[in-house]
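Going by the order they are written in, the chains are A, B, C and D; count residues from 1 in each one.
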Amino acid sequence: MVGGVQHVETQRNHVVRSATPDVDRDALVERFIAVRRRTEELAARLTAEDQMLQSLPATSPTKWHRAHTTWFFEENVLVPSGAPYVDERFRLLFNAHDDNVGPRQPRPRRALVSRPDAQAIAAYRQQIDSRVVERLRTARALDLARVARLVELGLAHEEQHQELILTDILHAFSLSPLKPAYAPSAIVEAMTETPMERSFQRFAGGVSEIGADAGGAFVFDNERPKHHVFLEPFELGTTLVTVGEALGFIADGGYRSPSLWLSDAYDWVQANAIESPTYLRVEGGRAVVFGLEGERVAHPAEPLLFMSWYEADAIARYLGARLPTEAEWEHAAHGVSHEGHFLGGAFHPHPPSGTGVMQMFGTGWEWTSSGYEAYPGYMPFPGALGESHGKFAANERVLRGGSLFTPPGHVRPTYRAFWPPETRIQASAIRLARNVSG
Amino acid sequence: MVGGVQHVETQRNHVVRSATPDVDRDALVERFIAVRRRTEELAARLTAEDQMLQSLPATSPTKWHRAHTTWFFEENVLVPSGAPYVDERFRLLFNAHDDNVGPRQPRPRRALVSRPDAQAIAAYRQQIDSRVVERLRTARALDLARVARLVELGLAHEEQHQELILTDILHAFSLSPLKPAYAPSAIVEAMTETPMERSFQRFAGGVSEIGADAGGAFVFDNERPKHHVFLEPFELGTTLVTVGEALGFIADGGYRSPSLWLSDAYDWVQANAIESPTYLRVEGGRAVVFGLEGERVAHPAEPLLFMSWYEADAIARYLGARLPTEAEWEHAAHGVSHEGHFLGGAFHPHPPSGTGVMQMFGTGWEWTSSGYEAYPGYMPFPGALGESHGKFAANERVLRGGSLFTPPGHVRPTYRAFWPPETRIQASAIRLARNVSG
Amino acid sequence: MVGGVQHVETQRNHVVRSATPDVDRDALVERFIAVRRRTEELAARLTAEDQMLQSLPATSPTKWHRAHTTWFFEENVLVPSGAPYVDERFRLLFNAHDDNVGPRQPRPRRALVSRPDAQAIAAYRQQIDSRVVERLRTARALDLARVARLVELGLAHEEQHQELILTDILHAFSLSPLKPAYAPSAIVEAMTETPMERSFQRFAGGVSEIGADAGGAFVFDNERPKHHVFLEPFELGTTLVTVGEALGFIADGGYRSPSLWLSDAYDWVQANAIESPTYLRVEGGRAVVFGLEGERVAHPAEPLLFMSWYEADAIARYLGARLPTEAEWEHAAHGVSHEGHFLGGAFHPHPPSGTGVMQMFGTGWEWTSSGYEAYPGYMPFPGALGESHGKFAANERVLRGGSLFTPPGHVRPTYRAFWPPETRIQASAIRLARNVSG
Amino acid sequence: MVGGVQHVETQRNHVVRSATPDVDRDALVERFIAVRRRTEELAARLTAEDQMLQSLPATSPTKWHRAHTTWFFEENVLVPSGAPYVDERFRLLFNAHDDNVGPRQPRPRRALVSRPDAQAIAAYRQQIDSRVVERLRTARALDLARVARLVELGLAHEEQHQELILTDILHAFSLSPLKPAYAPSAIVEAMTETPMERSFQRFAGGVSEIGADAGGAFVFDNERPKHHVFLEPFELGTTLVTVGEALGFIADGGYRSPSLWLSDAYDWVQANAIESPTYLRVEGGRAVVFGLEGERVAHPAEPLLFMSWYEADAIARYLGARLPTEAEWEHAAHGVSHEGHFLGGAFHPHPPSGTGVMQMFGTGWEWTSSGYEAYPGYMPFPGALGESHGKFAANERVLRGGSLFTPPGHVRPTYRAFWPPETRIQASAIRLARNVSG
């Protein structure tokens, strides 16, 4: 199946047409430099050999992420205004899967690209950075608005790849017998310092407005148009499902109880001999988890992260609940502050004080029960950036809220991520929902 | 994977609890005998060897359908009131996949059951029929209500298998070099006599009521509860997509145009080298189709039948439209008479006179864009007949309206069928839908 | 993969050119009728439904064997002399895989041929039988010699399929939960009445003559030409490996001991979770075996039958020995009477009196260590019957001596059968061999 | 799949026990240093990223080869005499597949070992080199003989991996869109300067002596014992099959002619859509080949290299010949000088002057028709170095004579290499053989 970059490439195309009338040139240059630098900072913790790792067909080497995000600016911002390619062959190597731009290196073979090497990629990044900054500094007003939109898109795209750099290297390291730590850090303490009691917050239902407006700040086109849905009354758990609850599920034989699973989900469990979430194993009754900080014993009160939609659905059922629909989630999310991100390696969860729904942003991508579909009235744009319907797939589920791997400021209440239901390696989480009688 | 009997078995479990206070004993006996006889009439056109055929893991031999539907009455109606099994080993052979009833013959190996032979199955059917009739005739009032509900369920279940007998033998015959005809008939004339012009009928949208009430006539539990949805304004094509339109799609290279397909759909097209709907091939610009009546040239105005959801979605897009949601379909279907079935081998379509949405019942199961999910507030019943959530799967789409293979009287506006999106062998059809500005 | 019919078809082509100058017309007619009748007698124990069974891609339904052997005479004996086909479509259905005769029903789909039915096949057989007998009765001398050779070939071919009828139905029945018996019989007593002690008989080695002469009785072309090999001194076990020895192998963990297996053999054991020969399971320390007589407890002194070459090789190693080369086997077999066949359902093993190598013919096909290759100097004939090199495969092992399923009189010391090393369903056996110092 | 290292590891175990009474200490140290240095010279042409490449499950990264050959000396020479491991974890990472030494990194995941990095591997090599040299310098006489045997084995093992470094990087580079050249060199001229006419040299046959003596220079144990075979008269082509002959085979539709192929070979051709040897494609009637020197047009007179046994067998048949048996090859090879290796990047073929069989050593590994089996009388040694029968596989063919990738001095007339018949990436070649009437 597809995965990370499909996700990313789809998102890329879901760009919005909205007018961005007054571009703050300096602010955009500054943001451009900051986002681009952050990618290199993430990569700097890795050796040239680490940056070659591709442990699944659906993941990519760090080196490839660094080059691909750069090629994106070259192809979409620089070349259309007449700039020559730095190296024509890079199109072939670092294009993702946009058939409009010609042939490309097959995805599962990205690890076979030993040349250009890490240093050459760094040089490529610097060249493109200079040119883009130059372009932004010198564009005339009308042109600037157009270029700015493309640069904004390129930065959102790069932020998605920043999350994938972490996601993908975590998986690669998980298969190394040496179990390397990407970044031993304060994560452990942060995750466990605030055990929270869960209650359920009730929502009355009725007609609700979902999705993003045209105009305004940057959004992907799959967030649009704003439209109405009717919600029956429901309630949401105030906190995410915990590692301790997953231990209970496992100890109660949850992975061997067909009645807790959808039928294809249980086929998947059996065919793949799944016994626990992918980075969690039970040892002496405790959960040993693998993360960017290496291997450690998890606190039972930590949120459970990294599980497939199939598992999320089964665990929710085991806990007497269900997953929320994406409309329910968004309805609840409007008005919740979306701060609380993974910043500079440290994780700052929401304080447990509130009575509201907590941990909605920046902890784990929350699986919803909703299949990923275009919103009613969604119309793909013509042209290369808009060939988006081809990037929808029939069997993907929507996730909301971002994770501790998501760059700060990247998500918002209307933001829609999506992955196939068997995806195990994304930093996903489980929010419980329940029906209530009206 | 899943397919016919999952479908059926799920439906079986989706039985409704509704009180059926005043049972008309004679009418029920009569209906029981009529439905049971119809199964044998469908089988009577086939040799003992034909009845052994299983051409896909997801299909079943006719002989198995005949025995399984019989076992269903034995297991659920007779045995609970103390009757001994006719043959204990039949449980193993003719159970579908209800893990509560113990081990069973693996589905793909149903064709390996040469014994008991066709004659022995006929005898088994007669024994069970006598016992069920006896049971209905002698049950006391309170008991009768309960037994009647189970018999109603068994008959609905048997009607589903009647459709599968036709569906499955059609596929088996399609692989025979002799291309046998199940029943040369008036189908051809019926299908082609009434070319209809398509227009689009508009619906205003707003909050709409969907699903079935508790109480009243028999419904499956997946049709419940009645609930509300919000519909944006939309319009539906008054007629189904035709063979001629499919020829246009093929001639325009539709099967080689990634932009018309969802991404996993196009993967499927390429991996399976799909070039046309499964029972249709193009020869000299005309469509040669295979059906129960054998092989013949189709009229361009006939409805296109037998295609996957993937193809339905792509063809709708090619025609500048989309598939309806199941809520849109049901909204439009309320008030439409659901007559017009395949009766005794002849097909009587709705007359083209009306200005309304036509061919909604009994022509082809209409693929909707909706994933198959439980309705909000749906609660599975405890016990063997209610273990239904395990029978939902993550990747199925809802179909509505029944087909020319569906027994008369079997469907209704709230009836929900569901198959995985790659299913090609069901008598499915395409209804076009479009957004309209409010 | 290959299997039964490749075997057969290869053999068919390996026909010898030898002159058969003086044909005894009546004897040949009599033999023709007897062999043809024996096929129908084997099938007569099976229902129409049984004759539809195909449980592996490499096996075939009884009905197909009956029709295919008949088509063989039609295609090779009757049609070349101008006879019209009984039904042109039968070529498509009952041709094996001779690309010279045009397209054919794909092998794994033979069970999908429900029509013509069993009765129609019987009629087809009778028609062809009459015509062949007529042809033999009326052919003039020179013509008779040629026709007789083809008929001899057709009869040898039919005898191979007689063995396959038993082999294939045994596998199909083994998958039925009812475990039907093909023919409850005296097999059990016969197999167990004569426990024999094994000793090793020594052979001095040196240059030995292997293979068949041109001229003389019918042989397949893969038995030719006669040629020389040099044998180092060796010795052979006087009796076959027993069920009791297999129980010891299993109890000692033989299936989990990589050092006993070739590396690809052990991969195969693990990938397929093999724990015992295919028709043998251990229950309470005893071997329960499935055979044409149904399921029963085996006597430890019975010969072990039905195992792959991989298992034969490993069990021989476990017993401190190895498999013989085909040259060693043939060297030992010359001079041994090849009587002792499975006749009319009863098995008559060689008496244990002798000091020689026993059970060499008609008990189980003895796996040799030799890959199946053409003999030095082998030259394929031109024309359809001689296109034989294409029927050799790279990875097959030679078996010698015939089994209790082999028709009486079919094998001889030079006869070479061959199957891929993973073949588990042939009536194979293990003969031990050892090196000795000269 | 099997492949390179199985090959190597098998060979490792096939060590001979022969007494090596008088060890020349200085010569051995010198040879040790030279062989070890050659590995590093081969790797020095590659970047850190290149050394991570693993393009097939059966190939290995250069980095792994460098570490594994080092671990081999540590495990077998140093540790048994009490030395501590440099790093215990390296056993896990750099062990090949010797189950005696505990768990190991799964073969297809060798590319996932980013740490230790290339520099750390260099340091590891230097440490082990110092210790081995020290061990050789200080060992007392009796001990020295034993250690010397192990070091000799380790050096032969390392030479095999030197060939694999070239073989494996060639395959990895072949998949890079940049088509990098490992070493642009004089290969092209060398290969094409000496077109040779082929004749056939006749051998009378009879009893011939094959294999190696106990005692004497180092041989692998699969070369023993010396034994007799009987050869029918035969003749060998004096030169290898050429690129031009392969072009003829392709142009004549050889890859689409089932009669030229063994049946499983043709299945393989079709299943994998094979159209030419793996590193050769036809462009405008000429052969474009990829080699360590990059991509270039081949001269028609060059020997054809890099094809599977299946292809070699088919091409030989197309040319009216067959592959030799390994006994025929060895019979012919005794007395032929085995010089003419790939030395320092340049290839020096045998002069075409002679009337004898040419190009027998150091051009391409010559596929023989012989399955790889133990010689009669072969007895595996007890203990870790002797667990060899487990490393034989059922379906491998013997190759003889070494290739241009083989280190100088590594092969000899009795040397046996072996690969599965579908192996396409080894530097293999085709020698023609024919039967002659005695």
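Quick note on the criterion: a residue touches a chain if its C-beta (ideal position, glycine included) is under 8 Å from a C-beta of that chain, and two chains touch if they have at least 3 such contacts.
Remember, it's a predicted structure, so these values are computed and weren't measured experimentally.
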- Compute the centre of every chain as the mean of its C-alpha atoms, then state which one is farthest from the centre of subunit C. A
- Query: What is the distance in Å between the mean C-alpha positions of subunit A and subunit D?
  - Reply: 47
- Go ahead and note the Å separation of the Cα centroids belonging to subunit B and subunit D. 61
- Query: Counting in whole Å, what is the centre-to-centre distance of subunit C and subunit D, each centre being its mean C-alpha position?
  - Reply: 39
- Where subunit B touches two or more other chains at once, by residue number: none
- Report the topology of the inter-chain touch graph, choosing from line, ring, star, complete and other. ring
- Query: Taking all chains into account, which pairs touch?
  - Reply: A-B, A-D, B-C, C-D
- Can you list the residues on subunit D that touch subunit C in the complex? 2, 6, 99, 207, 227-230, 232, 234, 258-266, 309-310, 313, 317, 369, 371, 373, 376-377, 387, 389-395, 397, 421, 435
- Can you list the residues on subunit D that touch subunit A in the complex? 47-50, 52-53, 55, 63, 89, 92-93, 105, 109, 111-115, 117-118, 172, 175-178, 180
